[in-house]
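There are structures below to look over.
Both complexes shown next keep chain A, but they swap its partner, so chain B is in the first and chain C is in the second.
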Partner chain A sequence: MRHEIWLAALTDELRRHGVGPDLAGHVVAEAAGHLRDSGEAPLRAFGPPDTYAAAVADSVGGPALARSVPAGPVRLRAVDITKRYGRRTVLSGVSLTVHAGQVAAVVGANGSGKSTFLGICAGLVGADAGRVELHGTVGYCPQAGGTADFLQAGEHFALIGAGRGVPREAAVRDGARRAAALDWAPGDAQARHLSGGTRQKLNLVLAGLGDPDVLLLDEPYQGFDRGTYLDFWHEVWRWRDAGRAVVVVTHLLNQLDRVDVVLDLSAGSSGVAA
Partner chain B sequence: MVAEMTLRETARRRGVLVLLLVLPLAFYLARRGDHLGQSIRFVCLGLSWALATAALFVGSAARSLEPRLRLSGYRTHQLFLGRLLALWALGVALSAPYFVLILVDQQNVRYAAIAVIMLLGVLVAPLFGLAVSALLPRDLEGMLVLLMVVGLQMILDPAGSASRFLPFWYSREIGTYAIDHTSADYFDRGLLHGAVTAVLLLAVVAVAFGIRLRRRPHVRIVGGLS
Partner chain C sequence: MDVDRRAQWLRGVLDLCVLGLLARGDSYGYELAQSLQATGLGAIQGGTLYPVLLRLQRSGLVTVYWREGGGGPARKYYRISPAGVGVLREASGQWAAFAGGVGAILSERTAR
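Moving on, here comes the complex of A and B:
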C-alpha cells in the first residue's frame, strides 16, 4: 500500500474512532515522518490503518495510570546534554532525572533528537557537553536493528543473557516468558523471517532480559498491532512496579498522562525534566 | 558464546558457504593445466581471499548488534575474539580439503611448508577481513579494498619491496620455498612476515573495535557493567 493511501486511510480511521483533529493530525504527521525516514512499507511499520487507529483511540480513552507511590533512588541522571552534528545543534542543555519505579517519556517532533538523546544516555553516542550517570545495569531497545538476521529468537536470548551472566537455559526460559507477555511464542524462525512487529517484540524482550535496572526504549512499538501495543504499555508498567527506571521515546502524546516524567524536546531542542 | 553464535549464523548462509568452498577451487583449477606449482600459490591466495571476505561480512553483519552486546555486559575483546575464533575454525575446515587435494594431486613439493601457508592464511585472512570491516562500515567499500589487495598481490612482483606491504606476501614467499625448493631463507622471511602481519592486524582490530564500542566519557556507570 502506498504511503499516501495508507495515511489517508489512517486519517479516516482516526476520525471514525473519535480521535480529535489535533491529535489525529499529529499522529498522521508522525507516522508520515517515520515512513519517510525509515523507507518502510506502512503495513509493515504500523499494520492496517484501522488497527493502528483503534490502538491510538484505545490509548486516548484508557485510564490514567500514573501512580502516587514515592519514587526510589535515582537510576538515570542526564545533565545539560548538548549534541551537535556539524553546525546543527540537535540538543542543547537537555536534562533528565529518572528514579527507580518511574516511567519517563521523551517526546518531540521528528529530528528533535529523541533517539540521539537516548543513545547518549546509553553511552552509544557521544555528547559534546554534559554528563550522564547510570545507576545499575542497562537494557536498550533500538528503534531498528539490534538483532542478528540468521539467529533464532532463543539464540538471541542465550547470547544477550550470557552477557548479563544468565545461564543459557534460564535466559531462554526468561525470554519465552517475556515473549508470551507480548502475545508471542518464539519458534525456530530466524530473525530475518520475522515480521517487523515480531522483530520489535524480540528487540523488546532482549532489552528486558536479565532484569536491568534502567530500560531505554526507542519507539519500540513500531509495527505492533493494537493488542500488542497495549501489552507493551502493560509491560512498561510492570517494569515500573518492579522498581525499574524506564525511559520511552514516543510520539504518541496520548500516553503522557500515564507516565511519571515527560521530557519534551520539541521546543528549541532543549528541555529539563525531573 | 559469541564464537558459537557466529558459527551458527555462518552455517546458515549455505549459499555463501558453497561459494567460499568453490572460490579457491576455481583459483586452483585456473592454473592447474599449465603450471602445477602456480596453482598451489593461487589456491592459497584464493583461500585467504575467501576467508577475508567471510570475515568482512561477519563483521558487517554484527555491526548493529555489537553495541547492544556491549551494553549487555560483553567486553570489547570478547566480541572480536569470539568472531575471530569462529572464523579461524571455519578457516581450518575450509583449508583442510584443499591440503588433502594438494597431497593427492601434486608431487615433489614441500607439503609441510604448504600446510604452514594455509595455517598462516587461516590466521591472517580473518584478521584482515575483520580489520577492513571495522574500518570501513559499508560492505561495498570493504569488498573493493579486498579486491584491490588480492589483485595487487597477483600483479606485483613478489621480489619487489612494495609487495611486502601486502598482507598475503608470506604466501608467495613460502610458496616459492615449497614449490621451487629454494633456500630456507624464503620460508623464514615468509613466516616472519605472516607473524608480523597477524600481530599488526590484531592490533588494528583491537583498536578499531575499542574506539567504535568505547564507553563515551560523558557516561558514568555506578554499580553496573563497565
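Moving on, here comes the complex of A and C:
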C-alpha cells in the first residue's frame, strides 16, 4: 500500500475510533514522519490502519468515556410495563427512566421483548399494564421496514422533516449531513434498490432528523460493516453530548461499559434498569 | 533469541526504556526506535512504539512539542517530565531487584 493511501485510511479510521481531529492530525503527521525517516512500508511499520487506529484510541482512552455533563431532566419514564401475547407474558413489570444526556441500552436474548418494549415506549404497541411518559419530541428507528420503497433518500428526508416542522431544503441538507457521518452519500436511487445496510442508514438518519429530544433505536446497525457500526456509536455519543436521551436495543454487549443505563430483559432478571 | 519471548519481555519494560532514553535528552519517535535497536533490544515497530508514547503523554510522564526538522516537516519531540523522572527513578530500583532475582535463579540453574 502506498504511504498516502495508508495515511488517508488511517485518518478515516482514527475518526471512526473517536480520536478527535487535532490528535488525529498529530498521529498521522507523526506516522508520516516515521515512514519518511525509516523508509519502511506502512503495513510493516504500523500494521493495518484500523488496527493501528484502535491501538491509538486505546492509548488515549477512547471517546467520551468521562461524563462531561450531569444528566438533565427526565425524557422517558416507563413504569411497570406488562405485555402479553395470548397466554405468553413477554414483559412483566418492566421500568426504565432515561434523562436528557443519557444513553440506555436494552439487552436480552431473542424473544425477551426488547423490540416490544421499545415499540411501547414509542407508542406504536399497546401495553397491557403500566404507563409511559415522554417529554419532548421522539425519533424512532425500527429494526427493518420504516422506509417507503418508491421514494428516494432525499424525498424521505423531506417527508419526515415535514412531519417534524423542518422545511424541505433544510431537511434534505440535514439528512445528507447525517448520512455522511455514516459514510453514505445518498443518491437518487429509490429505497427499494438500496442494500439492507444502506436502508438501515436511511432509517437511522430519519430518526435523527430535526434533532428529537428522545431517540429510540431498535438494533439499527443490521447490515452495517464494522466501520459503519463504529460510526453509529459515535452518532450515539454525539446525541448524548447534545443532551438527547437515547435508548438502544442491542444484543451486542461490548458497548455496555459506555452507556449510562442498562435494562436487561433476560429471563430471571428483574426487568428494572440498574 | 526467541522472538516471541523477547517481544513479551519488551512489552513490560518498553515504557521505562523510552523514559530512560528521554532522560538522556529530548527525542522523536523514529530516533527513539533507532536508539532502542542500537541498545540491542531489537527492531521496535512504529505500531508498537507510538501507542506507548501516547500513553506516556496521557499520563503526564512526558510532554511534547513540535520542532521543524532539517528541511523536512515538523517532528513531534518528546521530553521527560518531572513526574516521568520520578517514575523512572523508582522503577529502575524495582527493575534492578527484579532482574537480579531472575538472574540469580537462572544462573543457579545453569551453574549446576
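Everything that follows uses one rule, which is that the second predicted complex is superposed on the first by the 203 of 274 C-alpha atoms of A that agree within 3 Å, B and C clash if a C-alpha of one lies under 4 Å from a C-alpha of the other, contacts with A are read in each partner's own complex, and residues count from 1 in each chain.
We adopt the following convention: a residue touches a chain if its C-beta (ideal position, glycine included) is under 8 Å from a C-beta of that chain, and two chains touch if they have at least 3 such contacts.
The structure displayed is predicted, hence computed values, not measured ones.
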| item | value |
| --- | --- |
| Touching partner for A:L194 - first (chain B), second (chain C), both, neither | neither |
| First (chain B), second (chain C), both or neither touched by A:L134 | first |
| Touching partner for A:T51 - first (chain B), second (chain C), both, neither | second |
| Partner chain(s) touched by A:T147 [first = chain B, second = chain C, both, neither] | first |
| Partner chain in contact with A:A29 - chain B first, chain C second, else both or neither | second |
| Residue contacts on chain A - larger count, chain B or chain C | B |
| Partner chain(s) touched by A:V247 [first = chain B, second = chain C, both, neither] | neither |
| Partner chain(s) touched by A:A162 [first = chain B, second = chain C, both, neither] | first |
| Touching residues on chain A, where the partner in the complex is chain B | 81, 120-127, 130-140, 142, 145-151, 155, 158-160, 162-165, 190, 206, 209-210, 213 |
| Residues on chain C engaged by chain A in the complex (per definition of touch) | 28-30, 33, 45-47, 50-52, 54-55, 58, 69, 72-76 |
| Complex contacts: residues of chain A adjacent to chain C | 26-27, 29-38, 40, 44-47, 51-52, 55-56, 58-61 |
| Chain B residues touching chain A - in the complex, by the definition given at the top | 1-2, 5, 8-10, 12-13, 61-62, 64-65, 67-69, 71-74, 215-225 |
